[in-house]
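Below are two complexes that have chain A in common, paired first with chain B and then with chain C.
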Partner chain A sequence: MVSPYLIHFIVFIAFTLLASLYFSFSRYDMLNAPQWIGLENYNKLINDPVFWKSLWNTVYFTVLFVPTQTILALILAVALNQSLKGLKFFRIAHFIPVISSWTVVLYVADAIFNPRFGLANDLLVKMGSQPQQWLNDEALVIPVLVAVAVWKGIGYMMVIFLAGLQNVPEDLYEAAEVEGAGILKKFRHVTVPLISGTTFLVLVLSTITTFQAFEQIYVMTGNSGDITAAGGPNNASMVLMLYLFQQGFAFLKMGYASAIAWVLFLILFVITLIQVKMQKKWVHYEK
Partner chain B sequence: MNQKKVMKLWMAFMTVFALFIAGCSDESSGKGGDDSSATEITLGFYSSGSADEKMQELIDKFEEQHPDIKIKTQNAPYQQFFQKLDTQIAGGTAPDVWLSDGVFVQKYAERGAAKDLTEWINQDLNKDDYYGLDFNKGPNGSYWAVPQGIQIASLFYNKDMFDKAGVDYPDESWTWEDLKEAGAKLTIDTSGKTANESGFKSNSVNQYGLTFFSITEGWMTVLKSYGGGILDDSLKQSIIDTPENKKAMEYIVDGMDRGIFTDPSDLQAFQSAMSPFPSETAAMRIGIYARVLAANETGVNYDVTVLPKGPDGERFSPVIANSWIINNDASDKKAKAAWEWVKYWVSEDDVQKEWAELGEAVPVKKSVAQSDMFLNSGDKPANKQAFLDSFEFAGTLDVNAVWSEWVKKTGDNFNRAFLKEASIEEALERADKEVQKVLDEFYENQ
Partner chain C sequence: MKKNPNKRRKIISYIVITFSAMIMLTPFITATFNSLKTYKQYTAIPVEYIPNPFRWQNYVEVWRMTDFAQYGWNSFIVTVLSVLGALLSCSMVAYAFARLDFPFKNSLFIMVLGTLMIPPVVMIIPQFIIFKHMGALDTLVPLWILEWLAQPFGVFLMRQAFLSIPKEYEEAAKLDGCSPLQTYWRIFMPMCKPQLATLTIFTFMTKWNEIMAPAIYLSSQEKFTLPIGVLSMSGAWFGKEQYLVAAALMSLIPILIVFFFTEKFFVKGASSSGLK
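Now for the complex of A and B:
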């Protein structure tokens, strides 16, 4: 008997992967059969300033987002891992943005970052500073997107950390206390090493999700769902996934989009490999 | 790997392969056209709220009139519809006839997905009876689609705001400079000063003179009435970097700089770039016909007139003819049935009237568009004639197969000039280069 999984693997995974690899070496507009053009798409990619810009933006987004979210989620998890009044309420409150759709989050973000009516500019003006254009400012658009993404994603990572924290045996803290360790020392020498496995998971997960960030940027920088308007101003928020989607589905350059996809895959693969290699240095698993 | 395992793998592969082949052949046998009495065609269209019901009514009537044709519909909201359509064309499962946004007709035509309708149009339709057939013509003279409804632009103005400011309503004598001059009196900042007064703050405007957005209701219209434009007649050559365009851009940038026109970052403050006029935050807009819906819904007291003239008296009104396309892959029988639908749509007075009642588009059939039913329906705007008059100087948005792509390149560069992040010269030069690259890449490989 042929295993059902094998069929699934061949039809839905191996075949589609090979097809997309083939497309990346072809000119393919979806409406006509693909034409083999060798390395042309990859050559074009190397000479495409928007590709490099979106790669840079993706890296910039990740570098801002991953540490910020990880550190804040950990602090939040530690704060909510003690007996507090209304503990459940706070945990749920931090989780609500996670389950909200990006469209809903957009409205919340707009209430803050709208250049005319937003809270952020109100505050700036009251403090005597110049109002800002936020999402329409080339320098600010990514930091604003990161801030909103952290707000939306932090609850999820917090839950993962909470699970990790609850696995830290209480007697280790007691032993540390006997040795005279304060709160900070306990955190540094007991908590951090013991949840390093969880931290590793959080880092890998959030790196991958930011490299694939699409929906947020599409919703927040586009205009009424127009895919070609997203990624602005002047491509300052163009990230790889969005660029891929635009090239493939809006401009019918599926071959080129496939090449972008493979480059994205290779980058993610290398980064994850590095993370796995590095983990030996700082991640401790209980035997 | 032992032999047994290899056998198993091979069998798995063959099973999948067989399934795959079966799937493919099923598809092609469907296309062969069976000889049963009724022809079933699939009709695809993008949804727009209340219009869906009307569409179904018209389809029911069509089926009554043509008992030998059955219509299966396929619809989805705009974005999803076109995304799905592209993948369906790729997979050979696209509808036999579909409604295309006017700006996408050439995208399908030049990639071989649309049927050439020249012969049928010459045979069955009297071209003088309809608006907009020529807007779907390719550069080589073939007709690729038949308009379903026409979007053509004119100048919308808010009468209450004009009255309050004591400014005369716009008329056909206006030039773009006149518009700016009037606009300055209609632009008011948060402290109540107009754009003409000293101390006016152009970065905290409460009411704009003109809302200006993107290509159709923004730069293309001004560029073309200044004698400029984006592509030459072959639609394969960029003509962006010209003195005419430079003059037009100077006009626009000055208007934005003075706060009279909305710039791209002003629009960011609105939920939709379409909302300044219906929400009474702008006194004027360049608007295609469909914009009357939102204005009527919010109850703005407005009217329309033809768009202003350029410095040399040239006028331009952008037009988008949303159109029926027949699938190039449809069997003869289905294509003919689809053509019956298209003919029914444009030539039947009843159909044209019922569709016009929705108020979404200018009717394709001239006799209906020029009838009281359309011109004097009692709904605003009173001067609907302005839309019909605009056909005299109407033109497309230089639509070709790579329209979306070059619009993005142009728009991105122009926006930088509008926000003063680049000089006009720089923006034009860069846009010209980038657009030409997009064009070359596509047409050199055709």
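Now for the complex of A and C:
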């Protein structure tokens, strides 16, 4: 009965891992057989400015996105974790972006960030400021993408936190109230330590997925699905996954793309190790 | 004195979530109005937020003048086949892990755990090459076939569900002469409907919205699924962008309907995915 998984593992995981490692040391255009070239792909990578730029952009995106979404989702979850009227409505409102595809988000976000007639610029002009180019502005493109990503994903993370909060016993809050703790103190000294396990998990998972972000940037910075057009302006939103895709599927440099994949894999591995080390320090375990 | 902090907390909470819900919904509302405009209204400055009258025929024209129906049909096929595959394969593998004894069971389960840790990025290119050799490029097959091979998230979800069923059911079934396969199908599956529902909805959402795989595997227009189909329209519909907004919103409607009826399973799935 486990045979589906066995096939899955042998063909699509074990084999693909080995193949991808082999490709990363080869020149491979998919027309001719892969040709072993040793470390050449990795050497080229070290001297490739676009690779470094996309690595930097990936880190920048992740550093902006992960903490912002985590903190805001936690605040929302705390606000929703009580018997409120209209709870279902609020939950649904926060989940609609979650169930939307990035193509839907592209046009929905355009209603706000369109440089000519979007809501954001309209408000800016009405308040007397300069209109912005948003996704066409090298300095603003990543912050805008991050804002949209937070908007899209926050409902999902909020629900994960809500599940964590439901495990916090109510009497701890009552005890804190007896000692005179206010809302902020209770949040800091009761809520935060008790859901640190959930928070840790959320941080690890969202860092890993954000490092591999592709669909949003492909859709929102590209042009009708043309992969070579995405990542602009001037590579300002080029991230590692997008670069990998361009090199592999647009320019058929499968060996080079595999090398990018393995560098990304190593980075993720190191980040996860660091996070696991840090877990012992600040995750609170009940004795 | 004791009631006061609670009341204040409620008021602050209402303010926070109302504000946040407004941020969530405003873009959708604005986009919906955009989809009901003429191009002149769509690009008008100063901005005309609420068009008068609503041009509902934008939606009709998208349906009539584009391949929207074809894209929708492709998305439907991919989604349905994926859901079926995920339900069958994940529950079967999970049942074996939860209830049967077989050689290397524990090491195999550790392998499942391990696969969750491998970032998909290293597997994309070789998988593409496998499908190329299978002659499956530019077909819908690569988009759903992997779901028939037990993805780890579903295996976990179903294994947890099966583990929580008391042993007595199994023993009773055995006494009645049920084989393991019958026990799985007749007794365990019906008892785990909530988890099966969660798995259905999650697979539905992932596949309906997927962009990466169709962008890699599909090249001819008539094979496109909705997300990349609508995305690909933008070149040809220059100067008629309001139709694109209508097309995008139309692609959201099916999943929105599913969501409204199954909201609680969505929430369950999201919270259990945090615990994987």
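Quick notes on this one:
The criterion applied here is as follows: the second predicted complex is superposed on the first by the 277 of 287 C-alpha atoms of A that agree within 3 Å, B and C clash if a C-alpha of one lies under 4 Å from a C-alpha of the other, contacts with A are read in each partner's own complex, and residues count from 1 in each chain.
Rule of thumb we're sticking to: a contact is a pair of C-beta atoms (placed from the backbone, for glycine too) under 8 Å apart; a residue touches a chain by one contact, two chains touch by 3 or more.
Quantities reported herein were computed from a predicted structural model and do not represent experimental measurements.
Overlay on chain A: chain B and chain C clash in the combined arrangement. Contacts of A:F249 after superposition on the shared chain: both chain B and chain C are touched. Of the two partner chains, neither chain B nor chain C is touched by A:M278.
Residue contacts after overlaying the shared chain place A:L119 against chain C, while chain B stays out of touching range.
By the document's definition of touching, of the two partners only chain B reaches A:N235; chain C does not. Of the two partners chain B and chain C, more residues of chain A are touched by C.
Once the two complexes are laid over each other on the shared chain, residue contacts for A:Q133 go to chain B alone; chain C is not touched.
In the superposition on chain A, A:V11 contacts both chain B and chain C.
Of the two partner chains, both chain B and chain C are touched by A:I227.
Once the two complexes are overlaid on the shared chain, A:I71 sits clear of chain B and of chain C alike. In the superposition on chain A, contact is made by A:L31 with chain B only, not with chain C. Of 94-102, 130-138 or 202-210, the chain C stretch that intrudes into chain B once chain A is superposed is 130-138 (criterion: clashing C-alpha atoms).
Shared interface residues of chain A (contacting chain B in one complex, chain C in the other): 2, 6-7, 11, 15, 30, 110, 116-117, 223-225, 227, 249. Residue ranges on chain A touching chain C, taken from their complex, read 1-2, 4-9, 11-13, 15-17, 19-21, 23, 30, 75-76, 78-80, 82, 84, 88-97, 99-104, 106-112, 116-117, 119, 122, 151, 155-156, 159-160, 162-164, 177, 182-183, 198, 201-202, 205, 208, 211-212, 214-215, 218-219, 223-225, 227, 241, 244-245, 248-249, 254, 257-258, 261-262, 264-265, 268, 272. Across the complex, chain A is touched by residues 2, 5, 8-10, 12-14, 16-17, 20-21, 23-28, 30-31, 34, 42-47, 89, 92-93, 95-97, 100, 102, 108, 111-112, 115, 117-130, 132, 146, 148-151, 155, 180-181, 184, 205, 208-212, 215-216, 226-228, 230-235, 244-245, 248-249, 251-252, 255-256, 259-260, 263, 266-267, 270-275 of chain C.
Across the complex, chain B meets chain A through its residues 8-9, 11-13, 15-16, 19, 78-79, 83, 86-87, 89-90, 107-108, 111-113, 203, 264-269, 271-274, 402, 404-405, 407-408, 411-412, 415-416, 419, 421, 445.
Of all residues in chain A, those touching chain B in their complex are 2-3, 6-7, 10-11, 15, 27, 29-32, 110, 114-117, 131, 133, 135-136, 138, 223-225, 227-229, 232-235, 246, 249-252.
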